[in-house]
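There are two complexes below, and they share subunit A, which is joined by subunit B in the first and by subunit C in the second.
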Partner chain A sequence: MAHSGGFWAEAWRRYRRRPLALAAVAFVGLLILVAIFAPAIAGTKPVLCRYQGRLYAPCLGYFNRQWEPAIFTKDRFRGTYPQNLKDKDPESWAIWPLVFQDPFRAVRENEWPGRSENPARDEGRPSRQNLFGTDQAGVDVFAKMVHGTTVALLVGFVSMGIAGTIGILVGAIGGYFGGWVDSLTSRVTEIVMCIPTLVLILAIIAILEKPTIWHTMAIIGATGWTGIARLTRGEFLRLKNAEFVMAARAAGAGPLRIMLRHILPNALAPILVPITFGIASAILVESSLSFLGFGPPPPSASWGSVLNDARSNLSMWWLVFFPGVAIFLTVLAYNLIGEGLQEATDPRLREARK
Partner chain B sequence: MSEQPILVVEHLETHFPIRRGLMRRAVGAVRAVDGVSFTVSKGRTLGIVGESGCGKTTVGRSILRLVEPTGGRVVFAGHDVRQTNGAALRGLRRRMQIVFQDPYGSLNPRMTVRAILEEGLVIHRLGDAAARRDRMHQALEHTGMAAAALDKYPHEFSGGQRQRIAIARALVLEPEFLVLDEPISALDVSIQAQVLNLLVDLRDRLGLTYLFISHDLSAVEHVADDVAVMYLGRIVEQAPAARLCAAPLHPYTLALFSAVPAVDPRRRRRRILLPGDVPSPANPPAGCRFHPRCPLAERVCREVDPPATRVDGHLVHCHVAARELERAGGDARVAGSRMADALASAPDIYSHSGAQSVAPAPAP
Partner chain C sequence: MATFLLRRLLLGILTLLVITCFVYGLARAMPGTPLTAQMGEDPSRKLNPEDQERLRRIYGLDKPWYAGYAQWLGNVTRGDLGRSITRKQPVTTLIAERIGPTFLISGTALLLIWLMAIPLGLYASARSGTADERATSLLLYVLYSFPTFVAALFLQIVFSVWLRGTAWELPLFGMTDLPSTAPWLARAADVARHAILPVVCQTYVSLAYDSRFIRANMAEVLRQDYIRTARAKGAGPWRVLFRHAFRNTLIPLATLIGLSLPGLIGGSVIIEQIFTWPGMGRLFFESIRERDYPTIMGLTLMFSVLTLLGQLLADLLYCLVDPRVSVE
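Our next item is the complex of A and B:
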């Protein structure tokens, strides 16, 4: 018999045979690249520039304002680099982002040689200068969306990271120890299940003085673990009496070792599926919040807040279409990945193939 | 062969509570093992036979405390297993290991053979990496597997090979005592003999002591020095293997033997068919537990739990057998053949009670 590798190698082999699921992984990979390189794709700050004899990367200011080199504030650049660089140091040079547009402000007249001012209000339909059009204030939608990718991805990963950790922990403890411990964790799960996430988030945002996107993620994570906990509990209940678990106990293994080394790896595949679907729904929750106007406050951009801009003037179809398609494709991609995982790790399908 | 007992089991009881209702109160108990006693001497093999659900698997697991016994005493090499906990229990578990029935279920599918074999060594902190590797190679060699198996996963092996790996996992800890819980029943018939011979060979070479649990009488005859027959959580008859085969006394044992196909057609015995099903261990019958199915049952059997009758090393719990033994002056062979004749001439209940009848044939 040929060496066929471990479980995950096998699962990946089966996953690869599904073109749609593979495309979904590629799409999420692309989003990750876009999020990481957002300042290099769209922005008005040089990716790299030489100024008064030294090298700087002002584009890092898009990740964190503190990371923008202080010298440009001192020299009163006020965020407009091309003209200032030329005026204050004729020797300077700069590598610019692919698209010269800012996600937070409209580009002004002659900021870039030969480029006119961004159109504002309902004039800003998609053009060569503004690929996805501009919003009411004349801010480029493409730049907003490129920079909003970070939020969309973070929301999914962070909130489901929190939810997955809580869910697996609670479910594992309840399922493995059983008895009154199980009764307790199950009741807690049911109580949390009754909390309406969206209403809780709105309430907390109303209470907090400075709500940020991190609060939203924490709440989605803190309420979204119930399904994962139930599934984990079921898997642990099923596996704790498996003969290989008994064999491990006979070898002297303690509860922690049995849970981590023997049960969890066997339970992980079915648990990953709802986590993937959870990422998709977390993105939807964040988009709905932003659409309602409770999204991350500026300067962080989000796809949902672009949608929110469209509410005041529905004739600006590009404000609905582009973020809508982006949200739709992302949610679809996660759902396809979840489905692919389910098919690739389903033990019944595994046996059927052999 | 020394006669020093390595394992003493006294009145072992393992009851599983039946919980009902909101508060999960115990409303009863499944008496899976209900007062089992036996002794295994060092280097010998005790076979436990019985049909599915008679509690023989639970006996094996209770001895290792893989299920928690609810009563009785288990003494292994001088240590009371039920009073041992923590590190001391871990130490005892190294010395007594178990091989399970289903080699597809007993090996973690996500671990390589190396990880499976090494785990016990790591837990018990036995040796450094090189010493552990030597022990794993040795255990695989003992079971007839190549060292190349270490980097493969269980699903890459056949059932017989998997069972060899499971045996190697038990051996790698160098135990003195092995519980073999139906180690060959899940295997193909062609593989069964190989694994059985391997087990016998290992016992003789490594001086191991076995508790061999099986529903297959012929396998037990082949491996065991002593045999205990279990029915509904109790031992009904216990004797050295040769004696039991030559002169079974308990009606249940006689029925079991009649179900074993004989190779010689002239020796073919009349098949004794027992009426009815095994009663539920949650509600065992009063008196002798076998009486509802026993063709020889008398009034005393329904009322009084039969005590042990002992004739040089042969132990039987049966009122009728006790009387026959007395009549035969303690000659088990004479008493046994009288019992067999009585059973054979008992009214053929099968034809009267129709399809209800179930023979104590082993599960396939």
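Our next item is the complex of A and C:
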């Protein structure tokens, strides 16, 4: 988009002036790093190990079960690496994750030399061994949250990717063509606005035999596009009679080309704002669903499901505090980014600031 | 005006038909029926196959979903929302029972929100740029991003667990602990004590949102030429704020009032679920879990009607506060 680079460079220059908005971008960047390196931050599988003369990276099993090298299943490691590696190949060595804790199970006595068993029930308050405490089953909360970062990030990006695509498409078609097409798309938008999202999500989760986090994201995306569509429609209505569009039409550009190459880049800035706020609300929807007990089934760890564990015993305050603060900070970060974008790209606000 | 209302009415009916048909189809597509959902919870109520078949026929569950929907629709046009299968009561009675508790929370919250949001918004625009305004705005912003269910859990931990046994202790959940034979005043006080935490949770997010909304609109209006004119002719800052600026922010405010209508009666599923408050939101959640089709449908119909009415109300209020806007 070289031709509109000036606008975005200017927007970035304005955005940079807001320290809170910059901090929010840094925070999201940090979350992305945590999500990518989650198995290296907390886990019980070696990041890299040498076993019987070959190099393996069993930690990839945290991303996808199938990525865990088959040799360890064959040699009956059963997920416990430190002792097995030493017993079955004295020559072996391994690079371990920063924190030796598993997001899916409790670490047992002496699994790691000199480490005691994770406390279970309501005794697992935060300690040096379990930074954020443990849940009723003795699973480390820090490990759960590090691995839950992926869910929190994916939910935002995937569901708003879907919602943004549908919303821009519907809004662009309605706004550009007008007439009966516009009436039709506007009615469809209105109907979707009235559909109770919660019923839809609960019903679809109940209907699906094996609901995964991807289904939840798809549903949030499929219902969350109405605001984006309305805004896109307004922008297209405003811009379709602009001189540069007329010029493009005179030059012989077809409707698709005009919509995508000429109008959309000019309408993108205001549309990005509700998309960013949408990411924040998608994260809220997902975590409240998990909190109500309708989240992704294990082994997908979600921050909301840690909160759900806390409901049965409120004296375990650490099960509320850490995931609660994480959800809050993430939502706050996206809201700050959205607001920063708004201030940086809205020319009306710009004039006021001089 | 009449043609506008008629057009909206027809469109509204069409929207309602599409939504109810869709939700009915979805509800019937969920695995299990109200009968099996009940048996799953309580094995002693297990029915023999003949009885099950008989009940299925009584409730019309043996027919395909579109036949069931047609029957439901026919009853609705005659003003009959049907009987709840799991609770053996008319759906209208269930709704009538739950509407009071929900309104107690949402009505109080809405009142508090407007009582505080308008002064806060005006204060923020009057003192725009000063240190105290920035601190208030930042605090409101932080509150706005704070998830309700996290706040509810925090409040429960503080007031029901940590402060247990002190004068500050507040009940964890439910609406009242007293039997219905207790004196009227004592029961009212008990319900009020139970309502504090849910009301706080429902108030703070909207308060932050609405006062920021008012502030943003004020900022927009304060840049207009007529404000500069008013200042130039010597009107004091408060006079400019109230007589010239605030009146012109009423238009977007009207939309906001219209949009808060569904929430006022529909309640909040999550807050009512956390505090086990016997309101509409909780009824909705329970009816989905129990596969209680008539209740799901009755509530869906009600929420959709309210949403549509809220949009209509917003449009009408628009015309009322802004003579330049016409519904035609």
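The rule is simple: the second predicted complex is superposed on the first by the 343 of 354 C-alpha atoms of A that agree within 3 Å, B and C clash if a C-alpha of one lies under 4 Å from a C-alpha of the other, contacts with A are read in each partner's own complex, and residues count from 1 in each chain.
By our rule, a contact is a pair of C-beta atoms (placed from the backbone, for glycine too) under 8 Å apart; a residue touches a chain by one contact, two chains touch by 3 or more.
No experiment lies behind these values; they were computed from the predicted model shown.
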**Prompt:** Following superposition onto subunit A, is the placement of subunit B relative to subunit C best described as a clash or a fit?
**Reply:** fit
**Asked** Regarding the shared-chain residue A:327, is it in contact with subunit B (first), subunit C (second), both, or neither?
**Response** second
**Message:** Going by the contact rule set out at the top, does A:38 touch subunit B (first), subunit C (second), both, or neither?
**Reply:** neither
**Item:** Chain touching more of subunit A, residue-wise (subunit B, subunit C)
**Value:** C
**Asked** For the overlay on chain A, what angle lies at subunit A between subunit B and subunit C, C-alpha centres, nearest 10°?
**Response** 80
**Asked** So, A:311: does it touch subunit B (first), subunit C (second), both, or neither?
**Response** second
**Request:** Please work out whether A:242 is in contact with subunit B alone, subunit C alone, both, or neither, and reply first, second, both or neither.
**Result:** first
**Request:** Based on the superposed arrangement, let me know which partner A:85 touches: subunit B (first), subunit C (second), both, or neither?
**Result:** neither
**Message:** Contact-wise, after the overlay, does A:131 reach subunit B, subunit C, both or neither (first, second, both, neither)?
**Reply:** neither
**subunit B versus subunit C as contact partner of A:251, first or second or both or neither** = first
**Request:** Please work out whether A:187 is in contact with subunit B alone, subunit C alone, both, or neither, and reply first, second, both or neither.
**Result:** second
**Complete:** Superposed, subunit B and subunit C have a smallest C-alpha gap in Å of 6
**Asked** Which of the residues in subunit A end up touching subunit C in this complex?
**Response** 187, 190-191, 193-196, 198-200, 202-204, 206-207, 280, 284, 287-288, 291-292, 307, 310-311, 314-315, 317, 320-321, 324, 327-328, 331-332, 335-336, 348, 351-352
**Request:** Using the touch rule from the top, collect the residues of subunit B that touch subunit A in their complex.
**Result:** 24, 61, 64, 66, 90, 93-94, 97-98, 100-102, 105-112, 119-120, 123-124, 151-153, 155-157, 166, 169, 173
**Asked** Which of the residues in subunit A come into contact with subunit B in the complex?
**Response** 1, 3-7, 183, 242-244, 246-253, 257, 261-262, 265-266
**Asked** Which residues of subunit C touch subunit A in their complex?
**Response** 11, 14-15, 18-19, 22-23, 26-27, 29-32, 141-142, 144-147, 149-150, 153-154, 156-157, 160-161, 172, 219-220, 223, 269-270, 273-274, 284-285, 288, 296, 300, 303-304, 307-308, 311
